[in-house]
Every structure is written in structure tokens, then in C-alpha cells.
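Here chain A shows up in two complexes: once beside chain B, once beside chain C.
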Partner chain A sequence: MIANFGVVLGEWRSLMTGLVNTIWICALSGLLSLLFAVLVAQLLVSRRRAVRRVTQSGVDVLRAIPFLMLLFLIYYCLPTLGLRLSSWTCGLSALVVYNTAYFAEILRGAWAHLPREQEEAGRAHGYAGLRLYRRIILPQIFIAAGPVLGNQMITLVKNSAFLLVITIPDLTFMANQVQAIHFIPFETMLVAVALYWTICSTIEWGVRRLDRVAVVRGHE
Partner chain B sequence: MSEARGSAAPVVEARELGKCFGTLRVLRAVSLRVAAGRTLCVLGPSGSGKSTLLRCLNFLERPDEGAVFLRGERVGFVGLGAGRERPMTDRELARMRTRFGMVFQQFNLWPHLTVLGNLVESPIHVQHRPREQAVAEAEALLDKIGLRDKRDAYPSRLSGGQKQRVAIARALAMKPEVLLFDEPTSSLDPELVGEVLAVMRDLAREGQTMIVVTHEIGFAREAADEILFIDEGAVVETAPPARFFASPSTARARQFLQRYT
Partner chain C sequence: MAWSSLLPELARGTATTLTVSLAGIALGLVAGLALALIRTSHIPVVASAVAAYVSVVRATPMVTLALLVFFGLPALGLGLSPLTAAILIIAINTSVFQAEIWRASLLDFPRGQLDAAHAAGMTHAVAFRRIVFPQAWRASLPALVNEATLVIKGSPAVAVIGVVDLTRVAVRATTLTYEPMRPFLSATVIYVAVVMVLIRLQRYTERRIVAKYGTL
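Then we have the complex of A and B:
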């Protein structure tokens, strides 16, 4: 058994490649999702009813389907419509689209709980439109929603394991390859699990630090 | 900031303001004028429309009828010539609101910013004043309200009285032409009311133009230049404080004063 772990360690290059791929695709898609979510959240509270309705329906549909289904739709169905994307682009797009919906809904929820008076104080001090959103509302809803956004980020990392089905060499894909070559599934997966756990714990740690900020800078 | 006391041209003028919430009429043809350097106190029973009146002045509520003027400029509308006008856009309105400072009953400081951050936020990001200048002026304001040592504290660490003093400084930092106070001491513990009123008294003495909605009869008596008494959304009586408190001319004002003194 110990010897088997030695074999796994001997394949550290493959596992590292997988780990790095997982980290960067998760970080990039997390960042992009958050960026888009900031815009989509605006649409979710738009003064125009039609805009609000359409956006909310889109968000609700995305939140109601399994990530794997979305991945298949993008990877297998888009080409039949004449749109051929690389597996990397497909994976990244699927993660971004899926998590934008979640992040946007989280931000909308936090916004709904922000006291109306905060926005009003902003208006009374000369803020309106995007500047009001960017300077007064957004920082507050980010602080309030920090823990929930963090949890969703952890879900994103775990969902990224599905990317192996479209041949993206992420951590799960590489671990699978290592165990297939050496026939040592238990040891390989254990190492992969430990690596996933490390990523998620790091996010968790970040969330807890953010929590401490929220105590001082948030609403009671 | 200080103006010659009692100069004739009004800083703020409201003509025949009317406002309905659904079928409820909260303001009926309310008019007021405040000259530079003067303090107007708005008194009246709860639910008489005092707060709505104040919020109609800077168009946080859009009045249904009437007009508001800030130094002769129409608030909320842009003249297009030939007597035509259009409503201001959100941006234009926001710009105009920086000329009114507003202090809320619940302080409404921005919790994600430090005390200093709250003070320089609008001067830097809305009025585009240089940062060093905004910071220096904010620090001077903190000295004035006696909270220099709280410069880098977050609002959650302040007492109610301190929060309200910071909120006053935040409004002053925009160098507004008039300060609007919406029951600034009503959500404070009794022992914290004094420190806020002291700051307001100083401002009145320095000739800051102010409109104060309040239940603090004592403050109104000694700091106001004029009392506007409203009930059920309408002006019942306008008088200098000496006359208003000594011999109110209406029965409703007399009743009100009996209950509060």
C-alpha cells in the first residue's frame, strides 16, 4: 500500500498538471462569473418589468438543471448548430454561464436585504445609476453575501470535476489516467481527494476572513 | 458656508407642494421660504407629513403638485425655454441633491466605509474634488464635531450620538447650500440627544441655512428663526419661535404645545 503511494507520487507531474488546470479554470471562471453576475444582478432588479422577468427566467432555468447537462448541451449540441468550440472553451463557458446564474441570484438576494435607506442616503449625497451601484450598493452586498458566494465557489470547484467528460485534463481526469496506467485506484483517488480538499479549505479559510470583515463593516 | 443673516432672497422656496400616497393626501399646498443663514423648524404631530415635506424638497419623493426652488433654480425640472420644461434625469437630480445636505433619523452611514471614508465619499466621487483637499476638509469637520479620534473607525463601532454627528459632518462635507434634518434625534437614547443638538445649535449660530424636522421643542425654541407648524399635511401656522411658543394663534398649535411641554 505504501509502495502504491510511492507510485502515485512518482506520477506527481501528471497530478500537478491536473491540479494547476483545475485551479486556473476554476479561478478564471469564478472571476468571470462574478463579473457577469454583477451585471446580471442589475437586470434582475431592473425597473423594466420585461427585463426583470426574462433575466429571472434565464437564471431560474440555469439553476434548475444539472451542471453535467449544461456541459453536454454546450459540448454536443452546439456543434450540431454549426458552432464548434474547443473543449477548453466549452468547459470554461459552461462553468461561467452556470455560476453566473448562481452568483447573480445570490447578489440579488443580498441586495433585497440591504436596507432601502442605504440607497437613499446615496441618492441624497448625489449618487445615481451605476455610480450608486458601484460605490454604495455593491460593496455592501459583497460583504453581506461573502460567505454564500464562497460556498458557491466551492461548488464550482467540485462541479469542475465533470470537465473530464469533455476531455479537459483537470485533476480528476489526470488522476483517472494515473490509476488506469498503474491499476491503483484507491491510492490515486485518495491523493486527488486530498488535493480537492486543500483547494476547498483554502476558499473556506478566505470566507472566514471575509466574515471577520463583515462583522466590522456590515449591518448588524 | 456662512451667509449674511436674514438676507432677503430665499435659499429654499417651496410653492404649494402637494403629495399623495395612493388615496392618502400627505401634503396639501405647503409653501415655505428659508432665507440664507436662517433655521426653519418644522413641528407637527406624528404623521402630519413633516418628513414627506422634507423629502419633497430634494426630490427623494417627487411632489405631485407645486414647485421647489433652490436659489431660484427649479428643482426636479429643466426649463426648455418658452415656458416648457422636462423632468430632470436621475443624474441631474443627483447632482442637484448635493446642494442639499440631508441628515436622516436613522443616520444611514455607509457601514463599509470608515468615518473618514463616509465624509470624503461624495466630495471625491460625485463632486470630483481633489482627494487631499477633501481629506483635509473632512478632518477639519471631524475636529469641529469632536470626533477626530474616530477618523478610521467603522460606523458599527460608534454610539448613536456619534453616528449622527458623523452623518451631519458627511452632509456638510458636500458644502451644501442648505441642510435638511429629518428628526435627527428621534432614534437616539435620551442621554445622547444633547451632543447632537449641540452640534446643530453651533451650525445655526454660524449661519448655516437649515430646515429641521424635529420633536425637540427646546431646540426649536432657542435655535429656530421661524417655526412652521403643520398638521394633516397642511401648514397651520408660521411664526417666529418667541410668538409661536408664547401665544400660538391656532387652537391646534396650542393643543400640540400642551402635549409636548
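Then we have the complex of A and C:
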């Protein structure tokens, strides 16, 4: 068994390629999702009932779909509507669409718990529109939602493993290739698991750092 | 594919998804409680080993776990049918999350009640069965139902190892007919319906518990 781990480590190039692909596609889709989520969260707290309702149903339905289903919908169904995307674009857009819904819901929740006085005080000091949003509201809901956003980011990393079914060479895909070549599935997948654990632990560590900032600024 | 041939397939796929998920959840419930008890037990090496195990499995994607179990265990001489492997995969995955839920309610448990139980002459086991467990169960139930929705959403991972669950039914129908819309949209609707029912159930259990006992 120890010798088999040696064989797996001999394939470190393949595994590193997979690891790097997983990291960058998760980082990029996480960032894009967060940007879109900020916009969608606006719609979720809109003063217009119809806008709020429609957006909320959309978000709720997306959050009820398994990620693999959404991935297949984009991968198989969009081409029949005349939209042909590369598998990378499919994977990235599936991750972004899916996580935007989750992130938006998290931000909405944090926003609902933000004391109204914060916004009122901001307005009294002459902040309005985008500036009020950017300087007063957003930083606070980000700090308050930090841990939950971090957990969702970990879920994103774990969902990204589904991308192997549309042949994106992520960590799981590459590990699966390595195990198929040398026929040492147990050892190879264990190494992949260890690498996923490292990614997720790093995110958790980042969240704890953020949490300390939150405590200093008076958030529980 | 005509509805007449698609619908029975979808029904079978749904049945498989639900069977595999429910069996996994049931196994995970027992294993999760055991893991939580060991982890909160203060037994030196064992408690930390369980903590490490929980941390690693929590960070493992369901697909990666599926490949590990389905290909890895036979290589170690433990042959499994896809269906058994599927149940095992879901059980391993959900047990660590359920362990965290149990652990939270065990750690929250008021120490005074336990002391009172001991003072009244109960052994540790009796106190657990009669005093701790019923209350921890109540506190955990809504979170456990929520965990069930996560299991349903992660269950398509077993399609990757060849189990014909709801997701794989849709894929198979598509490869037969080159017409993806109907099978995938139908499967999506079924998943959403199942998850929405579970969310309702979660709110319902929460309300019931609060109405009956005042708090969670």
C-alpha cells in the first residue's frame, strides 16, 4: 500500500493540473457569483413586490435543484435552444448560476438583520444610492455573512467535483484518470481527498480570520 | 421520448433516488450519533481521531467519495454492488454532517440536568436514554430534516458510478432520443418537488416542537 502511494505521487503532475484547475475555476466562479449575488440581493429586497416575488421564487427553485441537474440542463438543453457552449463555459456558468442563488439568499438574510438605523444614519450623513450601499450597507452585511459565505464557498468546491461528468479535467477527473491507468483507486482517491481537505481547510482558516475582524468591529 | 415510456422510467428513477437517500440517511443517523458520542466523550486518542475523520469526510465531494468507495473498496478486496455502494456512499457522507448536528445539541445540553439525573441515581446510560437523548433528538430534528434535503441534492453523485437514479434516467433517455428537454426538465421538476416537500416538513417539525415544548 505504501508503494502504491509512491506510484500516486509519481503522477503528481496530473494531480497538480487537476488541483490547479479546481482552484481557479472555484475561485473565479466564487468571485463572479459574489458579484452577481450583490445585484440579485438588491432585487430580493426591492420595494416592488412583484420584483421581490419573482426573484425570490427563482432563487428558491435554483436552491432546490441538485447541482448536477443544473449542469446537465446547461450542458444538454442549451444546445437544443441554439446556444452551444464549450464544456469549460458550461461548467463555469453552472457554478456561477447555482452559487449566485445561494450567495444572494445569504446576503439577503444578513441584510434583513442589519439594524435599520445604520441605513438611516447613513442617509442623515448625506449618503445615498450607490455610495450608501457601497460604504455603509455592503461592508456590514459581508462581515455579518462571512462565515456562512465561507461555508457556501466550501460547498462550491465540493460541487465543482461534478464537473468531471462534462470532462473538465478538475482534481477528481485527473485522480480518476490516474487510478484508471495504474489501477490503484483507493490510494489515488485518498490523495485527492487529502487535497480537497487542504482547500476546504484553507477556506475555513480564512473565514476564522475574517471572524476576528468581525468581532473587533463589534459583530458577534 | 414519448411520455408513455418516459414516465415509468422517471418513476423508477425517483424510487431509486428516494430509496438510496432514505437508506443512507437512516444508516447515517445511527452512525452520526455514534460519531458524535465518541467525539464528545473525552477518550484521548479516539475522540481526536473521530474529529479528524469528520473533518476530512466533510471536505470530501460526494463524487470523489463515490469513486473512492466504488472503485477503491473492491481493490481492497471488498466487492460491492452499485446499489449497496450508493447507500454506503450516502451514509458515509451524511453521517459526518449528522454527527455535527448531534454534537451541537449534545454540547448545548444543560449540565445541571445531567447532574440532577445522576443525583437521582441514574447510571450514565439510563440518563442518556431517558434524559439527554429525547431532548437532543428534539433539538436536532429540524436540522436533520434540513440535512435530508442536502442528501437528496447530493444523491446524483451515485449516477456517476452507474446507479440508475433519477439523474441517470434523464441522461439515458437523452442518449436514446437526442431530445434532452423533456427528460431533464421533468427530472428537475421532480427534484424540486421532493426538496420543497422536505423544506415544508422542516418548518412543520419546527413549529410542532415549538408549540409543544415552547422552544427547540
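Just so it is clear, the second predicted complex is superposed on the first by the 217 of 220 C-alpha atoms of A that agree within 3 Å, B and C clash if a C-alpha of one lies under 4 Å from a C-alpha of the other, contacts with A are read in each partner's own complex, and residues count from 1 in each chain.
To be clear about the criterion, a residue touches a chain if its C-beta (ideal position, glycine included) is under 8 Å from a C-beta of that chain, and two chains touch if they have at least 3 such contacts.
Not measured: the values here are computed from a predicted model.
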{"item": "Partner chain(s) touched by A:123 [first = chain B, second = chain C, both, neither]", "value": "first"}
{"item": "Touching partner for A:82 - first (chain B), second (chain C), both, neither", "value": "neither"}
{"item": "First (chain B), second (chain C), both or neither touched by A:217", "value": "first"}
{"item": "Which of chain B and chain C A:143 touches, first, second, both or neither", "value": "first"}
{"item": "Partner chain in contact with A:131 - chain B first, chain C second, else both or neither", "value": "first"}
{"item": "Per-residue contact with chain A, leading partner among chain C and chain B", "value": "C"}
{"item": "Residues of chain C touching chain A in the complex", "value": "55-56, 58-65, 67-68, 71-73, 75-76, 149, 152-157, 159-160, 167, 170-171, 174, 179-181, 184-185, 187-188, 191-192, 195-196, 199"}
{"item": "Parts of chain A lying in touch with chain B, wherever the complex brings them together", "value": "115, 117-118, 120-129, 131-132, 135-136, 139-140, 143, 215-220"}
{"item": "Residues of chain A touching chain C in the complex", "value": "61, 64-69, 72-73, 76-77, 80, 154, 157-162, 164-165, 171-172, 175-176, 179, 183-186, 189-190, 192-194, 196-197, 199-201"}
{"item": "Residues on chain B engaged by chain A in the complex (per definition of touch)", "value": "58, 60, 90-91, 93-95, 97-98, 100, 102, 104, 106, 108-112, 121-122, 125-127, 154, 156-157, 170-171, 174"}
